[in-house]
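Okay, got some structures for you below.
There are two complexes below, and they share chain A, which is joined by chain B in the first and by chain C in the second.
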Partner chain A sequence: MKDKITSNPGPGLQRRKRVEFVFRALMLTSSLVVSLSLILILVSIIWKSLPALKLSMITRTPGSGYYLGKEGGILNAIIGSLQLTLGATLIALLIALPAVIYLNTYLRSKSFLAEAIRFALDVLWGIPSIVYGAFGFLVMLFFHLRASLLAGMITVALVELPILSRVMDETIRLVPAELKETAFSLGANRWQTTTRVVLRQVFPGLVTAVLIALGRGLGDAASVLFTAGYTDRLTTSLLQPVATLPLAIFFQLNSPFPEVQQRAYASAAVLTLLILLISLITRSLSRKLSRHKIY
Partner chain B sequence: MEKIRSSKIKKEKFQRLVGAAFSLFPLFLAANIFFILLLKAFPLLTFKSLPSLIFSSAWQPVKGQFGLWPFILGTFWVTITAFALAVPVSILTSIYIAEYAPDQLKKILVPVIDLLAGLPSVIYGMWGVLLIVPLVGKYLAPLFDTYSSGYSILAAGIVLAVMILPTIINVSVEVLNSVPMALKEAALSLGATRFEVVRYVVLKKALPGIVAACVLGLSRAFGETIAVLMVVGNVPEIPRSLFSPAYPLPALLANNYGEMMSIPGYESALNLAAFLLLLIVLSFNLLARWYLTKLNRRTG
Partner chain C sequence: MESRGRLSLKNLNVYYGKNHVLKNVNLEIPEKKITVIIGPSGCGKTTLLKCLNRLLDEGEEARVEGQIIVDGQDIYAPEIDVTLIRKKMGLLSQKPQVLPMSIYDNVAFGPRLFGLKHRPQLDQLVEKYLKLAGLWDEVKDRLHEPASRLSIGQQQRLCLARGLAVEPEIILGDEPTSALDPQSSRNVEQQLLRLKQDYTIVLVTHILRQARRLADYVAFLYLGELVEFGPASEIFSNPKDPRTMAYITGEIS
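The block that comes next holds the complex of A and B.
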């Protein structure tokens, strides 16, 4: 019997080994395709942006004749994007944080209301950002607002809200019940338990959630297309239109002038750099902050 | 003491009320988006029947003709192309990450996928214009003996495929990781090769979840706007082949939504388009999520 196993391990072993080899090759190719797409995207954008990448791109606003290829930069879009996204994330956080705390403090996880709220958040997450843009535009008209920083901020906040809430919710749900029970046994009420024990425990997760939402808001173009407008100047009031990086890229790319198109590439490089920066910070932060976790 | 306790209780009650109000906001918002779009689409439906709007291919807003069929078909074809390209690659990659890849390789692949997920759609669109559109127009179309400007369903499909890869891969890997180790070990101990373990044990267990992951990717593809808009050509005709341009619903909205006020019925038609898009995306999305939650409950 033993002899049989070593000399003839089974019918068709050669064939089975070949199938294994082919499958492995297919999987490796797929992984390579995925990695190559990222490399191609990054390399083509950096390569194309090099000729236009000057310091004045990020330190100046568009001068006169900028869209004909003359002097200027995209400082308006960089600052505008930051204003818009930070504002939007703040609004989204102000809604999401109390909601998530309530969801995890006062509702039982299987209760009808909790399920309904999570379902609504999933629904909202699934809605494409162009539909948020349309909805934001209708709301804007209803309140007689014009395309402005405020309207853009509100629309982007709506896009970010489900992402922020769901990611925070998932982190908070992972907190072990023992931790809460310990706090209860020391006489803390639910609110104190959540704010002083649970939230402290999941703080890194919350920061990660905020950064994910921030990155999403920064890159979203479809939702600000009708709501934020566009301007060549810096925005100083909530009711003025605001320039955003994705739209700056979009508009400049549609220009017939090659110099302006090149600036679109450079703007894309700036946006990509910002996004990479955020995701790098997210990674290192969540690693650093989770050092002091108890479990 | 009594006084302190009662104020504490009052405070707690207040916090509870505020929390409840905030947590109901998502429900309120979702309902609002749904009904406002429907309400705004309604005026057109009072003098045109819904089937005549959906299945007509005449799009001439100035003449009051609002046939949405070319746009629906455009959305459909672009999404199906992207789906067909993305699914095999992402399933193979996720199996590789979950079952085969050594840790060093995983440490490279996972951030790569995270980065792909984080890139803004306008960047994908620009990449499409720079690389994919010329590729389709100059190299792929002559291969099939047709002419194409490059701005086509195929180009949009390729760009969109790369965009939905991370969604499908992330969810699939999670599903694959939830297959119990003991099952795999049992199969291995019976002399199965690793491929056989994947084929007969892991996939058997994980297939429903992977299907759900794909449907989730599909629903993302339906709604993608800017990247598709930049490479798809935007011609409101019924597309004839993969190499012809199309005009998907999100692109229609993006190009026309802001300036629709002057022509009667136009506003309604665009809101109807937005509502249809919402309906299509949500039905796929919710189907996938419902299924994934059901699976989760069974395994965990």
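The block that comes next holds the complex of A and C.
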């Protein structure tokens, strides 16, 4: 018996092994493509930006003649991007959170209204951000606003809103019914169940959702193109135009001067590192926050 | 005071959509006794239990008809506040379901819902009910650790303590030992036997031996119908309905 098992596996077994080998190799290749592309992007951007990488890049605003290759940095765009994105994310959160809580606390998951809201959010998610930019531009004209931090913030908030809402919604929907029933059976009403139990359980997920939206807002160029404007100075008022990193890349890359193009890559490196930083913070935060989480 | 914890079900019907799950159930559950509901899976045991504290309201698409009277009040009457009904009943579910917070906060959860904030009083309650559930000695040094770090058996006793802390009159158990090892099961059973002095206990189980160990009264449900109800000794030794007989002897399960 033993001989048969080890020495004569038969044709079927050989074939199964080959099939497994081939598919395993294919899947490994895909995994490598995914992770290598991140490394490739980082390396090529940093490589291209090496000549321009100076501390002054991130500590100074553009001096006169900066766009011809003279002294200065992109501090205006770094600070501007942070101002704009943090503001936009805050606005988006203030709208998304109540909406998502309402959706999950007071509507039955199969109800018409709930389905309609989720469908609308999914469509909004898919709309390209240039369309939001165009829409924001129309709203701006309507209110006689100029391109400004405020207008940019509102537009980026619109871009982030569906992402933030749907990611938070999916997180909350994963909460098991039994957990809610437990709170109910102790006498909690729906509001108490959501605020004291459900949100606690999903808090790490909510933080992740906010940071995903933040990353998306930080990198979006099309939505701020018409609405936020651009400036070489730091922005101190909601009604002034504001510089952003994606547009800093866009404008500098368009320049005929190689020194300026290198700076575009340096700006891209700064933006990428910012996003990387946000992802790292997300990871370590959500680990810390899930101390009490069950499952 | 005399009739605290008395439950009666009158013409209770439950439907999930077109599915008729409980069929005209009439049942008087005596106070301060353990009433065990037995029956094969899918016969409506859990549904019956969830009717009692109106948990069915929260699910999708269940319709309840008839009356459930607790201490002389119809709990499905429109003017009744559902949270107060649930406060009268502590529920132990199949799988212990701890809340995502510390051991202490789990027990204090119910009292806090109803506005108790005074810390020394909360401390006292937490200690009292953890002792009552037989868990205090095991957790008194780590009350502020996440409840999810307890073993499954400890979690179920924590759930018991948490349920008792809302000061219910009735304890509902939905196969509360089915996820536990034999030692922990015995532990929970012992707590239940002790608790029946002060509480009305309604227990759903599919373990006949457990029913024999615990029950004062037994209700046999079959296909949504209440087939037989009576003192445990009678049901087990001398069932009147042939279906009860068949279930007890293991012919249907």
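By our rule, the second predicted complex is superposed on the first by the 256 of 295 C-alpha atoms of A that agree within 3 Å, B and C clash if a C-alpha of one lies under 4 Å from a C-alpha of the other, contacts with A are read in each partner's own complex, and residues count from 1 in each chain.
Everything below uses one rule, namely that a contact is a pair of C-beta atoms (placed from the backbone, for glycine too) under 8 Å apart; a residue touches a chain by one contact, two chains touch by 3 or more.
Here the structure is a predicted model, which is why all the values come from computation and not from measurement.
**Student:** Is A:Lys110 contacted by the first partner chain B, the second partner chain C, both or neither?
**Tutor:** second
**Student:** Per the contact definition in the header, classify A:Leu179: touching chain B only (first), chain C only (second), both, or neither.
**Tutor:** A:Leu179: touches chain C, not chain B.
**Student:** Does chain A have more residues touched by chain B or by chain C?
**Tutor:** Between chain B and chain C, B touches the greater number of residues in chain A.
**Student:** Give one of first, second, both or neither to describe whether A:Arg200 is in contact with chain B, with chain C, with both, or with none.
**Tutor:** A:Arg200 sits against chain C, while chain B stays out of touch.
**Student:** Using the touch definition from the top, say if A:Leu55 reaches chain B (first), chain C (second), both or neither.
**Tutor:** Neither partner.
**Student:** With both complexes overlaid on chain A, does A:Asn189 touch chain B (first), chain C (second), both or neither?
**Tutor:** both
**Student:** For A:Leu271, using the defined touch cut-off, is the partner it touches chain B, chain C, both, or neither? Pick first, second, both or neither.
**Tutor:** first
**Student:** For chain A, which residues lie in the overlap of the chain B contacts and the chain C contacts?
**Tutor:** In the superposed arrangement, which is not itself an observed complex, chain A uses residues 189 for both chain B and chain C.
**Student:** Contact residues on chain C for chain A in the complex?
**Tutor:** Its residues touching chain A are 53, 55, 58-60, 82-84, 86-87, 89-91, 93, 95, 97-102, 109-110, 113-114, 146-148, 159, 162-163, 166.
**Student:** Applying the document's contact rule, which stretches of chain B touch chain A when the two form their complex?
**Tutor:** The touching residues are 8, 11-12, 15-16, 18-20, 22-27, 29-30, 32-33, 36-37, 40, 88-90, 92-93, 95-97, 100-101, 105, 108-109, 111-116, 118-127, 129-131, 162, 165, 169, 191, 193-196, 198, 219, 222-226, 230, 250, 253-254, 257-258, 270-271, 274, 277-278, 281-282, 285-286, 289.
**Student:** State the interface residues of chain A toward chain C in the complex, per the touch definition above.
**Tutor:** Spelled out, the residues of chain A in touch with chain C are 108-110, 177-189, 192, 196-197, 200-201, 291-295.
**Student:** For a test of understanding, state which residues of chain A touch chain B in their complex under the given definition.
**Tutor:** Contacts found on chain A: 9-10, 16-17, 19-20, 23-24, 26-31, 33-35, 37-38, 40-41, 44-45, 48, 95, 98-103, 105-107, 116-117, 120-124, 126-135, 137-139, 147, 158, 161-162, 165, 189-191, 215, 218-222, 225-226, 246, 249-250, 253, 264-265, 268, 271-272, 275-276, 278-279, 283.
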